[in-house]
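Each structure below is given as structure tokens.
Consider the two complexes below, in which chain A is the common component and chain B and chain C are the respective partners.
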Partner chain A sequence: MSRSVFHEALRHLALLLILFAVLSPLLWLLLTAFKPYGELFNNPPTILPEAATLVNFTEGWEIGGGKGIMDSLIVSSISTLICLILGFPAAYALARRFPPHGQLSFTILSLRMMPPIVPVIGFYLLFQELALFDTYTGLIIVYTFMNLPLVIWLLAEFMRQIPKSYEEAARVDGATWFQLFRDVLLPLSLPGVLTAGILAMIFAWNEFLFALVLTGDAVITLPKALASFFLFQQPNWGQLGAIGIVAFGPLLLLSYYMQRLLIRSFSIELGGR
Partner chain B sequence: MASIELQNVNKWYGNAIHAVRDISFKIEDGEFFGLLGPSGSGKTSVLRMLAGLESVTEGDILFDGVSVTDQTPQQRNIAMVFEQNALYPHMTARQNIGYPLKIRGKSKDEMDKMVGDVARMLHIDHLIDRRASQMSGGQQQRVAIARALVRRPNLLCLDEPIAHLDTLLRARLRGELKRLQRSLGTTSVIVTHDPIEAMTMTDRLAVMRDGVLQQIGSPDDIHNRPVNAFVSQFFGLHSMNLFRVDNLKESAGAFSGQLNGTHVDVPRSATGYANGLGQLLVGCRPHAVILVKEGETPPPDTFRLTGRVYVAEPLGEVTLVTIQVGDLTVQALDPRKRDYAIDEEVIVTVPQSALYAFDTGTEATIAFGSADEPLPTADLKAG
Partner chain C sequence: MTDIAPTLTISRPPAGERAKREKAAERRSTMILLAPALVFLTLMSIWPFAYLLYASFTSYQLAIPIPIEWVGLDNFTKLMGGARFWSSLGITAIFALVAVPLQILAGLGLAMLINSISRGREIYASLFLIPMMLAPIIVGFSWNLFLNPIYGPLNALLRSLGFQPPAWAQSPEWALPTLVAVDVWQWTPLVMIILLAGLRSIPPRVFEAAKVDGSNRVQTFFNIILPMLAPYMVVAFVLRFIDSFKVFDIIYILTRGGPGTSTQNLAYYTYDVGFSRFQFGSAGALSIIQLVLLVVGTTVILSAVRRRSAAGEGGSR
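Right after this comes the complex of A and B.
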């Protein structure tokens, strides 16, 4: 009995240590964001901010953080939406008309395996010619190009789990293709759609290389904005922390709400079996 | 409602699998038609082609004399009850039943009335706001049937609709489905591998094997006048017993031969065909077998074999006795309440008039059990 309590305590201790190792940089970022500039260089350093302030947030927003967040939101949400709209019917076709581990399935997924550095030069030259350099449209196209294979592949895997009899029932009931997609397929594959959407969104939100090479002064996504603070000036760690925390926020909220939605739609799905 | 006609229908899956081979038949308006066969016989492919879920490789399907071969299920206006997994899991029973009406643009009031009517008819009005996951298998199938009957389809397709339910429920739904079909008069086709379902529910049925139509007829026809040994074995509550008789010899106008080294008489009704064959298959239904225990006198004019009881299973009114005759297994239904010991020696006797005879090569029927019935040549499809 006491032995198992001891084991339990040991296990919790190990978990705490791992959590601390993983979360401490994030925690430091959070604390830094609320410290005034001078306090950052105190020796010995203070753990909790002595004179907590929001000035880092307001200043950080003005010197580029605000634009970064807006641009990132525009680019990642639109490209995610396009990925889902194009990916859904493509995944349906892949799931129903092609073998599960066939050539086409592999070819589509292999596009996602390509290191981003490979197509970036091609995109740069192409975008110069097509006047897409440094535009929202350009970046949206690139993120769609990168995320679409994964979205198709994930959704197709998910759709294969849905029994065909649901679709056949809908066709027999007289549904058109559009009605079949809207009334039966979409509700049944909602967990898959949400999962694929979140992944596409996170990839686009965090993406740095394409944004760095393919945009200039007009479009500055958040990762690029954050990086630029290091490039051109002595970084203000407080502002950086504030922007970092704000950049992290949307993803945290998205994941939290989607997780609840996911659990709900999964339970409907499983209940029907 | 419509009459349905299949003209030389073929179905190929790829180049290798010829699932349905040149099938033609007609289903009358309002008829309850059965497609029966073991798994892989092509019966489900035929139903799915009728429904429009599967394309027709070759041939034509006509509804009321008009070709629908290239039409979608939607255009054909058919309804279908699937084996399982058919209710939309994200909808309640009411939404499920109302879905065909909703996509046809019916008003809310109209829908509520029609859904209510059909739900009462199938005794599911108390389940109407539940989801599939909150209903038993039988209740789900009732909802699926309600969804099929809520509108008036040209054809109702039933794909093993009650095969997955437990025995009691299956028996009850069998009766209900038959009654519903009769009162609505909807042309219906049911696919089943269960001869009892086919026998009890349908007006006429088609027996299939390996994509080939074996026989079409009323349940009575198929039970009592099977066209070949396969149909006789497959159809019926209990399989027909089949014996192969070799070394046929004629003496005084009657044939006899060798079975497992025993001398047996061949049915007289087969005499005309037995000439020159050398061998044939003799068959009998288990209920025609009369078991003779040691010390009893065998009835006269019977086909006789001696064997040992393998096992006896009381079925209430009758006892199903399995007898081992050499390496042959024979089943008998004994209406008398008698006890059989395992390995007890018994004589299997079958009245001459109850014997069937089949050709050993083609398995085609040569002679029927109940005396002088004519061969159903019109419905006979060579295998």
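Right after this comes the complex of A and C.
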């Protein structure tokens, strides 16, 4: 018994050491966000900030972080909303009227596999023609295109778990399509809608290449704002770190939820057959 | 469709006409439900693709106001005659065929270790997931800072231990291995989570039976765990293979394709040709080559997997 406790402790120790090594670049960035400019380029570097400061957070917001957060919020939330509005009815049709793992689901999902560098040139030329270059509308269209296949597929997977009898009962009671949607389908598939929505939001929030190529000075999302700091030889790492923490740190809170979701999906997809 | 129609006809025997009408109504409603999404997806695939295809057969250059000429396959033949195309193809292949297997190995080790503890599995899984949850751009600049040859912490540590560390992303020999390492760092979590799902699918009685049969740890690993994880490893490999063509952000932030062109994969090369030199003809041709490579590569892998799994099932029965 005590031997197995010892082994368990050893494994925890190994995991903690690996975890520390893996996360150390991120921890370093976290510490850097609190260092004043003068301390950034010390050689050898200071581990803990000697004169800890919050100035990077206020400056980071002013030099582009604030604009970046606003633009990213606009583009990712609107595109996510459109994905859900277009995707919900399509997913319902796919779940109820087509076999699982059929040709149509596969075709829709395969769009997701395309590397973004392939459509980006086509979009660039098209957007020049349609005056959509460097507009919110343009980027929203592209992010909707990028996320819609996954949203449809995920929602359809969730809806297949809902028993048909609920809808049939509602129809027998004479419910209209809208009532069926509002009172039966939406509440029952809410976890699926939330999951698909969160994923679409994260992907749009993190996206870089489309934003880099398809926008100029009017629309500057977070990843693009951060990348623009790299034009300088010695970027202000403190400001970069501060923006990074504020803009991307909250996503990490979803990590627990995400590993559950992923383990469950892969178990269902591969083990359930 | 097929599973609803029979019940309708059976429950209402005389109403053949009505069943037909209901089926037509159902087909119509299916179309109405699907149409908005499918029209959007089709339009947004075909319309830009038409531009891409058109550009790739012409001398389309945005910055230079020369008339656009139809050049046929010139863009493709010129690209394939250049050394840069082949070196960027090689670098894409390194991400697909070196980084991905490393991710599978590291992910397997991590998943086995996490699965072997009895408390706190989910907490470790969540924390190890962090690199994958972050925007690639943040990954890029965390590593850029961490590996900075002058004021970065890693080299400071190595120097204090008496080593003479290289300049990592800025050195000609180390730039590519550095990028591969960062890619492995970022995507091992996905493999880990897929294999954790796989390990969870193995019923405990299988291990008990193996123990009763006197199988030692190594035997259990090779004879039971590995075969049962095989389908999960295949899925992880296919997903990562497809995604390895997408590597761009970390190259942009860590090396800008350099030193020289030593870390340009096909995606970065395409970006460089298209948006630094505005040669949309060549960039379009490069995009189409990548699409073809990806489709062919995925088809080959999937058909190999299907053939092997079919043979495996035939053999075991």
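Rule of thumb we're sticking to: the second predicted complex is superposed on the first by the 245 of 273 C-alpha atoms of A that agree within 3 Å, B and C clash if a C-alpha of one lies under 4 Å from a C-alpha of the other, contacts with A are read in each partner's own complex, and residues count from 1 in each chain.
The criterion applied here is as follows: contacts are C-beta pairs under 8 Å (C-beta built on N, C-alpha and C of every residue); 3 or more make two chains touch, one makes a residue touch a chain.
Quick caveat, the model's predicted, so the values are computed rather than measured.
Kindly classify A:Ala131 by the partners it touches after superposition: chain B alone (first), chain C alone (second), both, or neither?
neither
Under the stated touch criterion, which partner chain does A:Gly174 make contact with: chain B (first), chain C (second), both, or neither?
The answer is first: A:Gly174 touches chain B but not chain C.
After superposition on the shared chain, which partner residues are touched by A:Leu17: those of chain B (first), chain C (second), both, or neither?
Neither partner.
First (chain B), second (chain C), both or neither: which does A:Glu8 touch?
In the superposition, A:Glu8 contacts chain C only.
Is A:Leu188 touching anything from chain B or chain C once the two structures are fitted on A? First, second, both or neither.
Only chain B is touched by A:Leu188; chain C is not.
Please indicate which partner A:Ala52 is in contact with in the superposed arrangement: first for chain B, second for chain C, both, or neither.
In the superposed model, A:Ala52 contacts neither chain B nor chain C.
With both complexes superposed on chain A, which partner does A:Ala218 reach: first (chain B), second (chain C), both or neither?
A:Ala218 sits against neither chain B nor chain C.
As a test of reading the superposition: which chain, chain B or chain C, is in touch with more residues of chain A?
The partner making contact with more of chain A's residues is C.
Hey, what residues of chain A end up touching chain B and chain C alike?
Residues 269-271, which sit in both footprints.
Would you pull the chain B residues touching chain A in the complex into a rising list?
51-53, 72-74, 77-80, 82-90, 99-100, 103-104, 131-134, 147, 157
Of all residues in chain C, which touch chain A in the complex?
Counting only chain C, the residues touching chain A are 1, 26, 29-30, 32-34, 36-38, 40-41, 44-45, 47-52, 55, 60, 62, 110, 113-114, 116-120, 122-131, 133-138, 141-143, 145-146, 150-153, 156, 159-160, 185, 190, 193-194, 196-198, 200-201, 231-232, 235, 242, 245-246, 248-249, 252-253, 266-267, 270-271, 274-275, 280, 283-284, 287-288, 290-291, 294, 298.
So in the complex, the part of chain A that touches chain B is made up of which residues?
163, 165-166, 168-176, 179, 183-184, 187-188, 268-273
For chain A, which residues are in contact with chain C within the complex?
Residues 8, 11-12, 14-15, 18-19, 22-26, 28-29, 32, 40-45, 47, 86-87, 89-90, 92-94, 97-98, 108, 111, 113-119, 121-126, 128-129, 141, 144-145, 148-149, 152, 202, 205-206, 208-209, 212-213, 222-223, 226-227, 230, 237, 240, 244, 248, 251-252, 254-256, 258-260, 262-264, 266-267, 269-271 of chain A touch chain C in their complex.
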